[in-house]
Every structure is written in structure tokens, then in C-alpha cells.
Amino acid sequence: MNERHKEPSEIMDDGVEAALSRLTPEKIQAVINSVLKGETGARFKAYMDTCIHCGLCSEACQFFLSRDRDPHYSPVGKVKQTVWPMVKNKGRVDTDFIRRAVRIAHTECNLCKRCVAFCPFGIDIAYLMTVVRRIIHKLGATPLYLQDTAHSHASTMNQMWVKEDEWIDTLQWQEDEARAEIPSLRIPLDKEGAEIMYSVIAPEPKFQAQLIYQAAAIMHVAGVDWTMPSDIGWDNSDMAMFTGDYEIMGRIKRTHFEAATRLRVKKIVMGECGHAFRSVYDTGNRWLGWAQPPVPIVHAIAFYYDLLKTGKLRIARKYSHPVTLHDPCNVVRGGGLHEKARYVVHQLCDNLIEMHPNREHNYCCGAGGGVINCGPPYKNARVAGNRVKAEQLFDAKSRGAHTLIAPCHNCHSGLHDIVHHHGIDLEIKFFSDIIYECMEKPDGSE
Amino acid sequence: MVVSSAWDWSIGEKRVDTKSWTERFLQVQEYQVSADGESVAAIVALDDQAFNVCVNGALWDTPFDKIWRLRFTPDSRATALVSADGQWTLAVNGQTWPESFDYIWHPLVSENGQHIAAAIQQGGRYAMALDGEVWPNDFGTIAYSALSPSGDRTAGAVQVKVADSGQLEAFQEGTFSAAVDGTAWGSTFVNVWHLVFSPDGQHLAAEVRQSLYDYTIVVDGKPWPQQYTCVWAPSFDPVTGHVVAPVRKDGHWKMAQDGELLWQRPFAQLWQQRFSPDGSRLAAIAATAFGRWTVVVDGHPWPVTFAGMVSDLTFSPDGRHIAALAKEKDHWTVVVDGKPWQHRFERAWPPVFAPDGSGSVAVKVEMDGAFTFAVDDRIWPHAFERNWEPFFSPDGRRLLLPTMNQNGYCRKVVEKF
Amino acid sequence: MTSLYAFVAGPLAWAAFLFFFGGLCYRLLSMLRQVRQSEPFIFSYMSLRYSLRSILHWLIPFFAMGWRRNPILTGVTFIFHISLIAAPVFIVSHVVLWDEAWNLSWWTLPDAVVDVMTLVVVAACLFFALRRVLRPEVRFVSDASDYLLLVLTAAPFVTGFLAYHQWPAGPWMTIAHMVSGELLLALIPFTRLRHMLSGWLTRAYIGSEFGAVRHARDW
């Protein structure tokens, strides 16, 4: 090997290092104890007291499997290196320990909850890792790229520092573009009383505006009564959830829900994103005091399923290439959308080549849980940490798959890195790419 | 406030033939109705490149390349954001502001409808414009733009120091402030959210974060001495000028006033507080426990709670009654003074109180996929494709009902039912 | 000698059961109290249907993905736990004691079967210990307490087996058996062995979350 890959332990993160240089043992201890005592409860204690250290959860974790079964990467192994010493030493740990804890909790766990299905007691290791992340947040030692994203959320209520005018301008631009193809198409802004508010993550207006175009085309063709907010609350993403900055998580989720209530829509349909689904469907609403989202959340997979099932959307010709389907953790283990995803695939394509394991037992793409958002310093380690996914992809490819459908933004990027790194010749697409390509469009378009 | 006594309150109907618009124009966008119900308007497409606003069948004098955000002011003038030759401005009844900008958005209207402000971007710099006049200073970004109730002052959260993406420390030292009429406060904060003017427009309060962890309320640039783990938007007592805000500590929310606890009782959530018009009562939306939502009046929750959500807290003009919308599963209802109506709705719009002290409440509602009106838990027997929020006559005896069906727009004035 | 026996069979046994049942009740109540205090939202998500769904699926050997991926351990742990509970509950000599003391008696297992079960428990503990040493991912998370728990668990079975077979003859082994059994009972609520109670609850909670909210299998 010409290029020497850094061991994960050698990775330097400027944000983390700057924070560590400011920390004192007293501060570390005070913060750890305030979180452990003040913010955890029966659940944390039960997980700590119930875990019999059997290691059965190891088989679940893509990091463990990809890193040649190195015990440091097993779910319980990560707890041993982070939570146990914090509890045992009553918070007396040093900065080297915190540096390691940052690396483990932020870049070596995708919070994918696969291990829940491997631990006989259903111990939620992902939850324990979020407790560690909360401590790291309170110490100010979150990895730089991820923290910057949290700053963006706090300042702009979106993930990518998109300014208020840039957002509206982008929608109007995409509307213009799309009208060249479908003249009567609209992206209705602030349409009070529409059935549906469509929300996206900020990378769409920032880098992938064609996804908004495609969504608008699908809405138009299916005759959906929809709207998008011109004001803040249009972004459903949430990296604050992954940094452990729950106050900001609550703030941005409130903004999102209030955009929908201001527009008095019946439901929120969201684009093909997994972590955002986790945030609006399960996590953010809870911090705000809602057991269920106050406005029903429909993920794009379920939305396309409904449109196809009811015949509102018709496929003109099927997608010609064999496809394989990646199950994004957050909508599959987090929302049970795997069968609907397969229905949509079968409507669009004749040949689905399954990866194994799949559905609830899928392997995470390795990007989820904010790991990819920790940025370039960790990229090689992240790809190396998900060899099992590469093997799955290779296998699907060798059985003829040409296109990889990944109905989640994070998965898309994570899988792109894996496919690129290993030179696996798979084209990665969203459902909306294929639906847009294959659906019946009104006469006069094109 | 709007003077509704001058409106036509005679019982009867006035129609506008909006049906023909769809034949006249390539596309007719969402209809908007003026507060007095006399005008109905829509953005219409003349061809692929040109748009105009049609009000009661008449077009504005000049078409534009693009138009969005058509709304009526409380004094029934039609406004929209319009663009010609790549420049944007605001138009009122077809008359544009003399100045135009690279972009304009978030229009705000004073209570009497006389003044209009909006956020603008010019050459990548940000400011507010009030009735066409731009702030003397501009900023790197603007958000949470605000207009004082009488419409004489504007404000926005602005970034006054540069912290490029990735400069964590610079950002955490505080780059945000609030600007009033273009002049920023001397103090900076990590974040500034939700600017609120006092009723007389003399003071400005906001939520701020002083570090990643310490939140408080700032009034005219000066933070409360106390810090909290989170805060929500403040409000001014209309009589005393005190500032109240929900604050979070130890995982619970309480109501604070000028930094001191006002309500001792903790809540799982607490927000959207409102003063009665005379300032004697303070109500807020709260979750008394996880997933149990209600209205709290002067610290005392209503006896009923709802799992879905509670919204649109409204005081009657005399301050004696409170109404709110509540959602349970998929259905909404109206709750007045703690008593829910029997009827369930697919959707409901903000409750409207009669001004006569009777405590009567009228609401635009959706039932079985069609729209109608409900007054004091009675349902108007006709349904419409579309309707707008009802309005009580000054004596509270009649109702203005703006409606639309296949035949077009119809302004009805009926006896209260 | 007889007074020592009387003490071990009397007050010490009382104390052991008191610690066992009292301790488990205390654990349960303090857990519920803590949920109420700090995480009341958990109650909103508990669902009997999905709790049972999850637990039942995990009670079937080799059904859950986690079991199937570790087939040997799965086989051992099921036989171990069944024997661990069935042997002491259904052995004739224990039932006789209950009968004498409380006039309570129930169905029993033949002594030969219990004998095998006892050996199974001891062998399983040896297997667990060996696994702890040999499997790197298990060794990594093991410390002395894990081995001590195995000793604690195996002890009453080893001594019981020896006492039954009278090796060595005399009352000492019986007393050792009684003491170690009582020690195990008393310590269950205060060690990770309390998984016999809390394990059901953690599974029920995650089963509820996966069933009612996530609409996904957790096995």
C-alpha cells in the first residue's frame, strides 16, 4: 500500500483538540456527573445493571465485523471504553479518555440500533452512545464539522447555512426550470390549507436542487394539493440530535412543526432522508413533549407507495436495469417502511436483487448517526469501518445489480464513498430519480 | 386595529364571478379575500412569462415576470412581492415601491394595515425596508424580522461579526445581535431568535443563547441576569411593560417575568403565552405532563388535556374568555374556557370572538372534506369548496362569511346562528 | 453441628428469601419510581401487546437473529437457564422441605434427571467461563466480577451434587450447599444476575418501541 491510512486513533480533529486544551479534570468530572445524575434515569441504570457482558451484540455491528472482529468495535466494547469508566470513576477521567470517547461515540457508532436485535435483553447501545455524545456536547468537544452543522441549525434553522432568501429563490428557480418541461407546474409557497407540506433537508436547495424539481414534478403529475413554506421550518434535518444539543434539536423541530401548523396542512411529507425522519417522527417531538408527531409525518417511501397503490401515479415504462435496494436504518428499523419500499421497487423495476441480510437486519451504510457529518478527517476510517457493506454491494453487483436504490441522503453519500473507494460499479439513485424518469407525464411535456 | 363598523353589514350576499377567471387566464393561483370580504384576488398567469394580480376581475395596471405572496392588509389593500427584470419589490394595489432589490421576502403589516415592512437583500447584504425605505445599514444576514404593532419601527436578528463556516470559537464568542431601524445593539450573542416589540414599539425583547448552553431573554440589548437551559419567545405585558417568557431549568418549564419566576408550577412544555388585552391575565399553552396538552391561565391549567396538540390560544376582546384549538388523534375541536365543543373537525382555523362580550366564538372548519363555519358548537348547514375565516359585526349579532363554490366567490352576511 | 444446621436452614434461609424477594421487589419499585421521576415518557410507550410479542419471540431458541448468529451459546444458555431454575424448584428434597415447613408441595422431577441438570448447569458455567477467556470480544468486556458471578452461580450446584452423592460423607457439604444457595439467592437482586427481573423489562420496553412506534421486528 502506497498511501498509509491513519489508524482511527491517529485522526486529529481541530475542534476536539481545541476543546480538550481548555478542559480541566474538575470540569470533566462536573459535566459527566451532571449528565449522568441529572439527565439519565431508570433506563440508563437498567442497561448498566442488566448487561451480563456476554458479547452477543458483537455480531450486530458493522464496525466490529468490518474491523476483523476487533473487540474495541463491538457494541458492548464501546460501552466498556466510554460509559463504564465514567460511571466507575465517578467522572474522574482525563482528556485522553475524552478524545477516545469522542472518536468512539461520534465516529464508530452509527446509532443504527442493529444491536438491539442481537442483545437478548434489548439493551439499546445507541442510547448509551447518545449519552456519551451529550457529555461531549456539554464539554464542547464535538467534532468540528458536526459542531459547525449544529451552529448552522441554531442560526438559520437549517443544516447548511442557507439564508432565508436563498431558499425561496431556489424554489422559484426550480419552478422556472420545471415549467420549461411541464408549463403549468407550480411549487406553491405558503399555501394555507393545502393537504400536504413538503419538507426537505438543506443539502437539497444547497447542492441537489434537481431533487426539488423532481419532487415538484411528481406532486404535479399525481395531482397532489401541496405547499412548501417560504419561512423557516422548511428544513427537516437535525444534526443537533446527533451532537446531543437537544435544546437546539427541540428548537428546530418546533420550527418545523410550526411551519406545518401555520400552513394548516393535514400532514407533512418529507423527502428521502433517514435521519430527518428519525428526528421528526421519533426524537424531536419527544423532547418537545409530544408522544407522537403533532402533524402526521409521511416519509417519501410511504408517500410514493400511496401514490402508486392508489393509481395517482402511473409508470409509463419500467426501469430497465436490475436494481438492489439499501434499507436505511432510520426508516426501516426506525419506521418499518421496508415492505412499502419493496412495493415501490416492484412497481418501478422488474428485477430486484436483494442484499442479505436485509429489512430490519440490514447493515447501516456507515454514514448514519452523524458519522459522515464529522467530515473529511474521518472519511477513510468510516469507509474502512464498513467493509461488510462493501461485500454486500459486491455480492449484489456480481449477481447482476446495476443500480443501487438508497432512499436516504446520508446513505447515498455513505454508499457513494464505499462504492467509489472499492471501485464497485453501481449507480446510486433515489426513488424519486427513478419515478421521475419512469412516470407517465402529461402531454405536451418534454 | 381594523374599523369594521364602516363595513357593509346588511344581511345578504355579494358575488364575484371567479369561475370565469379560469377561462380568462392560463392559470389562477390561490384565492385571497380581503378582511371586509369585499375583494377576492388571485395571482394569475397571462402566459409563460407574465403574471398579474386579478382583484374582483380587474387586473393590476402592469404585469410582472414573477409574483408571489399575495395577501390583503387588514385595511383590505392587496399586496404582493413582484419581480421585473430580475429585480424584486413590493406592490400595493399594483403600485410598486420606488426601490427594488435583489430579493425581498417576509412582508409584515402593521395592525392598522397602514405600514408594510419586508426583509431585503441587495448585493449579498441584508436589511429591512419599511414602506419602501431601506435601513441605513446593512448586515451579513437577517432573520426573525419584526415590525412594531403601530408600524413605525422594524427589527431583525443580524450577524454583526464574521465567523466563517468552521470557525467554532469565533462563532461561540457571539456574532449575532438585533438591529432596530438598522442600528444593532451593542451586545452580541451566540444566537438571537424571535424578536418581539413592546406594544408601544419602544422596546425590543428577544431570546438569546450566550454560550452553547446558557439561554436567557434580552430586552433592548440587556440580558436578564438569570440564565436557563432553554427559553422561548418573550411577550410584553401591555400595561406594565414587564417581560414574561417560558424558561427551562432542570428539565422543566416555568413562566418567568423579568428574570424572576412568575408561575411556580413546572410544566413538561410551556409556550405561546398571551396577555389579555387589559394585561390582567396571562395564558399559555402547556403540557402538564408528557403528551398531555392544555391551556394554563395565570398558572392554573384547564381541567382537560389533549394528546395531539393545543394551538391558537385567543383571548376575547374583553379578556374574560379564552378559546383554543385542540387536537386528539386526527381530529380537532374548539375549547372555550376549558370546555371542549362536542363537534369534531378535520381541521379548524383560529377561533374568532364576538366583540360584544357574549363570549361567542366562530371558527372556519373542515368536515368531511368540505369547509364550513361553526359558532358556539353549532354548524352552519352549508358546506363550501373553500371559505375564509368568519368575522363578527361590531354588535356581535351578525357574521360575515366569505365562501366559494363552483359558481364563484360569495360574501355572505348572516344573523349569528 | 445441629444448631449450625438449624441456623442455616432457619434464619439464614429466611434471610436469603427475604433478600431475594424483597430485593427484587425493591428493584422493581425503585425502577418504576425512577421512570416516573426522570423518564415518565417511557410509560406512554409501553404496550403490553408489543412487550409480549418481543419477549415471546426471544423465548424461542434460535428464533431471533441474535440467537441464530450464536447457535452454540444459544443452545447452552437455554439448557442452562432451564436447568438452573427447574432443578432447584422441582427436586424432591427441596419440595419435601417446603412441605414440612409450609405444607406446600408440587410435582417433582426424578432425581436422576435433576442430577443431569445439575451437571448441565455446572458444565454450562464452565463453558461460559471458557468462552469468556477464549472469545476476544467477550474477554475484552470481562473482569473478575464476571467470573465471580459464574462461581456464585455454579457453587450451589456443585455442592448440591456432591452432597447428594455424599462426597465427602457427612453434613458439611450439605451445609455448604445451603449456604452457597442462600448466598446466590440473596445476591441476585444486587448483582448483574438481577437480569432475571430487569431483562424482561428492558426487552418489554424496546419491544414496545419497536412494535408500536418503529413498526419493526426487534428479534
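Chains here go by letter, A, B and C, matching the order in which they are written, and residues are numbered from 1 within each.
We take it that contacts are C-beta pairs under 8 Å (C-beta built on N, C-alpha and C of every residue); 3 or more make two chains touch, one makes a residue touch a chain.
Remember, predicted model here, so these are calculated numbers, not experimental data.
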Checklist outcome for this item: Max Cα-centre separation from subunit B goes to chain C
Next on the checklist: Can you identify which chains form the pair with the largest number of contacting C-beta pairs?
Outcome noted: A-C
Next on the checklist: Measuring centre to centre with CA averages, how many angstrom lie between subunit A and subunit C?
Outcome noted: 40
Item to check | Chain centre separation in whole Å, for subunit B relative to subunit A (CA means) | outcome: 32
Item to check | Centroid spacing, where centroids are CA-atom means, of subunit B and subunit C in whole angstrom | outcome: 61
Checklist outcome for this item: Residues of subunit A that touch at least two other chains are 286, 291
Next on the checklist: Counting only residues that touch at least two other chains, what does the list for subunit C look like?
Outcome noted: 38, 41, 44
Checklist entry - Which positions in subunit B touch two or more other chains at once? => result 251, 290-291
Checklist entry - Any idea which subunit A residues touch subunit B in the complex? => result 15, 18, 38-39, 137-138, 140, 144-145, 147-148, 151-152, 154-156, 161, 163-165, 168-169, 172, 179, 183-184, 186, 188-193, 230-232, 245, 247, 250-251, 261, 264, 266, 286, 288-292, 294, 296
Next on the checklist: Using the touch definition from the top, list the residues of subunit B that touch subunit C in their complex.
Outcome noted: 251, 289-291
Checklist outcome for this item: Residue positions on subunit B within touch of subunit A in the complex are 26-27, 29-30, 48, 66, 68-69, 102-103, 105-106, 119, 121, 126, 141-143, 159, 165-166, 168-169, 171-172, 176, 190-191, 193, 209, 212-213, 215, 229-230, 248, 250-251, 268-269, 287, 290-291, 293, 307-309, 311, 327, 330, 346-347, 349
Item to check | In the complex, subunit C residues that touch subunit A | outcome: 31-32, 34-35, 37-39, 41-42, 44-45, 54, 58, 64-67, 69-70, 73, 135-142, 146, 192, 194-195, 198-199, 201-203, 205-207, 210, 213-219
Item to check | Residues of subunit A that touch subunit C when the two form their complex | outcome: 40-43, 45-47, 49-60, 64, 69, 71-72, 74, 76-77, 80, 116-124, 282, 286, 291, 332-338, 357, 360-361
